[in-house]
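The two complexes that follow have chain A in common; it is paired with chain B in the first and with chain C in the second.
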Partner chain A sequence: MKEQHNSVQKFIKQFETFEQHLNGRKSSAVHRLRRKALSDFREIGFPGSKNEQWRFTDLSALLNTLFESHHLNPPAGLRKADINSFTFNNNEIQLVFVDGFFIPELSDREQLPDNVVVDSLKTVYSHQAEPFVSEMENDRLFQDDSFRALNAAFLWDGAFIEIGSGVELNRPIHLLFFASKEADGKMDHPHNRIYLRKGASAKIVESFISLNTGTHFTNALSRVELAENARLEHYHLQNENLQSFHIGNTLVKQDRSSFYASTSLTFGGKLTRNNIVTSLIGEGAETVLNGLYMGQADQHIDNNTVIRHETSAGTSHELYQGILMNRSRGVFSGLILVQPHAQKTDARQSNNALLLSDEARIDSKPQLEIYADDVKCTHGATVGRLDKEAIFYLRARGIDVQEAKNMLTFAFAEKVTEKISIQPLRRIVESLILKRFKTIEHFNIEM
Partner chain B sequence: MLEVKNLHASIEGNEILKGIDLKINRGEIHAIMGPNGSGKSTLANVLAGKEEYEVTRGEVFYNGKNLLEMAPEERARAGIFLAFQYPVEIPGVTNMYFLKTALNEKRKYQGLDEIDAVDFLALVREKMKVVEMDQSLLNRPVNEGFSGGEKKRNEIFQMAILEPRLGILDETDSGLDIDALRIVANGVNQLHDKDKSFLVVTHYQRLLNYIIPDYVHVLYNGKIVKSGGKELALELEDKGYDWLK
Partner chain C sequence: MSTETERIEKMANREYRYGFITDIETDSLPAGLNEDIIRALSAKKKEPEWLLEWRLKAYRSWLKMEEPHWAHIHYDPIDYQKIVYYSAPKNKKKYDSLDEVDPELLRTYEKLGIPLEEQKVLAGVAVDAVFDSVSVATTFKEKLSELGIIFCSFSEAVRNHPELVRKYLGSVVPPNDNFFAALNSAVFSDGSFVYIPKGVRCPMELSTYFRINAADTGQFERTLIIADEDSYVSYLEGCTAPQRDENQLHAAVVELVSHRNAYLKYSTVQNWYPGDKEGKGGIYNFVTKRGICKEENAKISWTQVETGSAITWKYPSVILKGDHSVGEFYSVAMTNNYQQADTGTKMIHLGRNTRSTIVSKGISAGKSNNSYRGLVKIGKNAENSRNYSQCDSLLIGDQCGAHTFPYIDIQNPTAQMEHEATTSKIGEDQIFYLNQRGISTEDAVSMIVNGYCKEVFRELPMEFAVEAQNLLNLSLEGSVG
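What follows is the complex of A and B.
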């Protein structure tokens, strides 16, 4: 409890430093919001070990580290050549953030169609704080969650995306969040707001990348709203360094007949927690949550998803595939909530983990809470090792034992990667998988 | 080419093979027959290197090399091919990719360059005809959703691509109708030449109407209890196995 209190105090102290650097902007509406969030955070504190939502994830390594808030000076020196390998290099719309700052020179917003806004959130709220502030206040995003409260308290920048009614955006929007070489010991709280109006469709990719090797903390939040018939493919690729901490919150509201597909791809981070909450508030909405995570060394990767079927005829499909090597640890908690009015709901959940070493571990907690009677809900979980018979079959055709294991592991991951509709992203992800095969500490050579 | 001497093997402490002696020369076709549980499949799997089986006594030489010291993949590259009784489904790995990888492993072992895409495709087209294989199966994951007959044909198709020096057929005829049986046998016969040998493990005589063996061995309770020419198979068909016990 004492430690808890100290950690909370550390963050509050950082907030004070952050606040001092804001100078004249302290009286703005946005800053009043930050202060409100901070006081919520002070009240909530950090989740303790008894908190059911955090039962399998020990936050003490994160809470015992002191992270400084933004230095309020944009980092200099990053050039396009430094980030090219992380981009898709064709015609995507691109926003680049480095250590929390939007970098227009590295971004690309050429030829945006009419009725499409892709901008830095800070630009948007500095210009006009409403309706952003009242939305945040009404949204109650941070009243009951420490990390969301912290995100709002340290609110600085992120992406603001609005796709107007009926606009079908063909080019993907790529948001890149870099931790630069100066990010050691720093924290960043990117905040993205994504709105798709009636019948709009888009693909948005968020990439989180460390260019440093030291410890840093990313506490990201994305708020997504899909109006009637809107369609969004939303990708998260996290490949931060193995000393870093990453908390991600994705909160989605779906209106009638909208379609939301999330693909969560976690490769990096010492400790990662991804929360996705989707609320199907309009009839006939469809949610797809796909996830692939790959742990090595001492990585801890926790995926927590909540699908709220609030009204009738909603569909949700969820598939998480985890590959755990060495001493890495995975957690999957997936709640499907079907409210009394949500008749004719069709919800399917599947999470599978492949343990490639004896020390790897997965804790898996599927949860169905169903208050309607005319619904179809299924869930399934598997934990396993590579199929020995399949390995022998491949070896009996002359394929090296390690190559055989890699082929089978790759195929396991492909259940998710094959659903990536942006080909350059798929190639990046596949090369991250292949790279892991070469850097494995020990890949369970014994059968 | 293959010399098995006093081979004993067990699985989970149960001795299955209790002293097998077998010599196969280049170009010969040998059939191993026997009732269920006699050890036929064990012999096939031990020769391919399945690690669940423990060889407790005896020796196996393959072209003068100690086969038992070779990993399964080394055996395959050196020309041993096991057509599985129950081919494994491998979701996510396409037949084409799998075959190309396997072929290139073998070529690497032989000191050859990787096969280029055009040549590989030509080879695949040619060999598909041998087993009358449907093209649509090539781009599907290995054996996934294949019918029993398609799986067995896929084994012979792989064998045709990899051109082993010793092909071991583990009850390839089981579960096949007469047309599929003919196709599979025809595939083997097309591959057979003076340098390639086959060990055909089967429960029934009918496969041997199509693949004519030079020698027939009867395996019973882990031992070869009788050997003879192709006429022995007919005798077994007539009398069953009981008279040999």
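What follows is the complex of A and C.
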């Protein structure tokens, strides 16, 4: 309890430093919002070990580390060539953030169609503070969650995306969040707001990458709103270094007949927690949540998803595939909530974990909470290792053990990767998987 | 559709058939709980010093504990000082034959459909009938004792076999295990004790009928069953309770110990008073049931049919300690009106090559809430362990809730774990299919539900399976359109 209190104090102290750097901007409406969020955070504190939502994830390593807030000076010296290997180079719209700062020189926003806004959030709230603040307040995002409250308290920058009604954007939007070499011991709270108006469609990729090797903390939040008939494919690729901490919050509101597909791809981070909450508030909305996570060393990867069927005829499909090696640990917790009037709901959830070493561990908690009768809801979970018979089958055809295991592991991941519709992204993800095969000696487990 | 709905409602609103109170003078302690009450209770039962100490220790740890509220259930706070912790029928004489038993008691059993004399002869079931808290009649004792089987009330076991009781009591569910187990350990009144010696196959189903009777009496049963090496026993527990307005607390503890190569099967049919259709009254059933497969090839199987109680909080568990040991859990939980059930199982795999199977079928109707909550844990050393879980929920009516909260914790890569859950209502096409063949909607529903529960029912001993089906039909019949 005392430690908890100390870590809350640490963050409050950082807030004060952050505040001092703001100088004259302290009295702005946005800053009043930050202070409100901070006082909420002070009240909520951090989730304790008894908190059911955090049962399997121990936050003490994160809370015992002191992270400094922004230095308020954009880092210099990063060139296009440095980040080339992380971009798609495929005519995409691109926003680059380094240590929390939007870097226009590295970004690419040429030839945006009409009715499409892709900008830095700071630009938007600097010009239209009042509507932004009142929307944030109505959203009530930070009243009941410590990390969301922290995100709002340290609100600085992020992406603002608005796709006007009827616009079908065929170029993907790529948001890149880099931790630079100067990011050691720092924390960053990117805040993204994504709006798709009636009938709009888009593909958005968020990539989180560390260029440093030291510990840093990313506490990202994306707010997504889909109007009637809007369609969004939303990807979240996290490949930060193995000393870093990553908390990701994705909160989605879906109106009538909208379609939202999330693909969460986690490779990096010492401790990662991804929260996705989708609310199907309009009839006939459809949600797809796919996830792939691959743990090595002593990584801890916690995926927590909530699908709220608030009204009738909603559909949701969820598939999470986890590959755990070495001493890594995975947590999956997925709730499907069907409210009393959400009749004709069709919800399916499945999560599978592959344990590739003796010390790997998985905790899985699929949950159904159903208050309507005319529904079809299922969930399935499996945990196991590679199928001996399949390995034997491949070996009998002259493929060596190692390769056979790699093939099967790759195929296990492919259940998710094959659904990635942006080819350059799919190639990046596949190469991340293959890289693990070379560097990790986990395949010598006894069969 | 609407006439069907009406008919259904009529069926669903049927009065609780087993609601009646027997007039027998009881010998009770005053309400409330403190060390003096426990001492008095222990003295009344003429217990040895060590047991009193054990109770007091449990009571002291209970004082430091908090009532758990993580389950998906809601109820008014319980005043533990208003509960009477001991009541026994006054007539404490021992009987040699049934003729000597208080005829009032016998009539109660008859109303419940347990004609002792008939069962003795026809069904081959030895019945240790627990009336409130003290065992009144025990049958077939001689036959069992020839084989060295001990089947008696808990108090008797404390008197006659203290070494066994002392060895095993609290070895599976420690007195400070949880709030309700601690409370039970402090104040348990009586219960059943079974010991099956090495190499003995118990020739008949052992059965106890519980019945809560005296008003405001908490029922704190304690059951301890030990199956020694290479033995087999099937134990049945079933219960009905009379209609009451005030909520009654029931916090039982059941401990099962299965030794090398032993097979212990425990079946329950629970039909306590669920409260009226407004959700008033009914039994609070907070039970701790746990078994341990101590050595190799031990097996424990739980089968439960839960149709009663206002609130059920119950997780029969198996600790699979011995290599190659097996745990099973088969459950049907039916809730109607305002009933709430939060039930499931825990399978803790510690030994190598251990296997467990979970089949849970929930049925919710009316305004009830029915949750499955379970844990499958495969420890670091549990090589090649397997688990298969299946949890299905059936929803009847649009105001009830069905929930599934499985916890899966796997720490060994050689483990294989599969979990499946589905939630749905009875398909209109299924009913239509049966209607087409001249089967009324009501019968169709009954057939479909019975088919849905078949996997569990077939695990029950014959006599029980029939009763279970009847109970289910009673609480359900035609509640679907």
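Here are a few things to note about the model shown:
Throughout what follows, the second predicted complex is superposed on the first by the 444 of 447 C-alpha atoms of A that agree within 3 Å, B and C clash if a C-alpha of one lies under 4 Å from a C-alpha of the other, contacts with A are read in each partner's own complex, and residues count from 1 in each chain.
To be clear about the criterion, contacts are C-beta pairs under 8 Å (C-beta built on N, C-alpha and C of every residue); 3 or more make two chains touch, one makes a residue touch a chain.
Treat the numbers as computed from the prediction; the structure is a model and nothing was measured.
Of the two partner chains placed around the shared chain by superposition, neither chain B nor chain C is touched by A:117. By the touch criterion stated above, A:61 is placed in contact with neither chain B nor chain C. In the superposition on chain A, A:412 makes contact with chain B only, while chain C stays out of contact range. When the two complexes are overlaid on their common chain A, residue A:375 makes contact with chain C while staying clear of chain B. In the superposition on chain A, no contact is made by A:297 with either chain B or chain C. Once the two complexes are laid over each other on the shared chain, residue contacts for A:361 go to chain C alone; chain B is not touched.
Of the two partner chains placed by the overlay, only chain C lies in contact with A:385; chain B stays clear of it.
By the touch criterion stated above, A:434 is placed in contact with neither chain B nor chain C. Residue overlap on chain A between the chain B contacts of one complex and the chain C contacts of the other is empty.
Interface of chain B with chain A (complex): residues 48-51, 71-73, 75-77, 81-82, 84, 87-93, 98, 101-102, 105-106, 109, 141-142, 158, 162. Against chain C, the residues of chain A that register as touching in their complex are 52, 56, 340, 343, 353, 355-358, 360-385, 445. Of all the residues in chain A, the ones that touch chain B in their complex are 387, 389-390, 392-401, 403-404, 407-408, 410-412, 414-415, 447.
On chain C, the positions that touch chain A within their shared complex are 70, 380, 393, 395-425.
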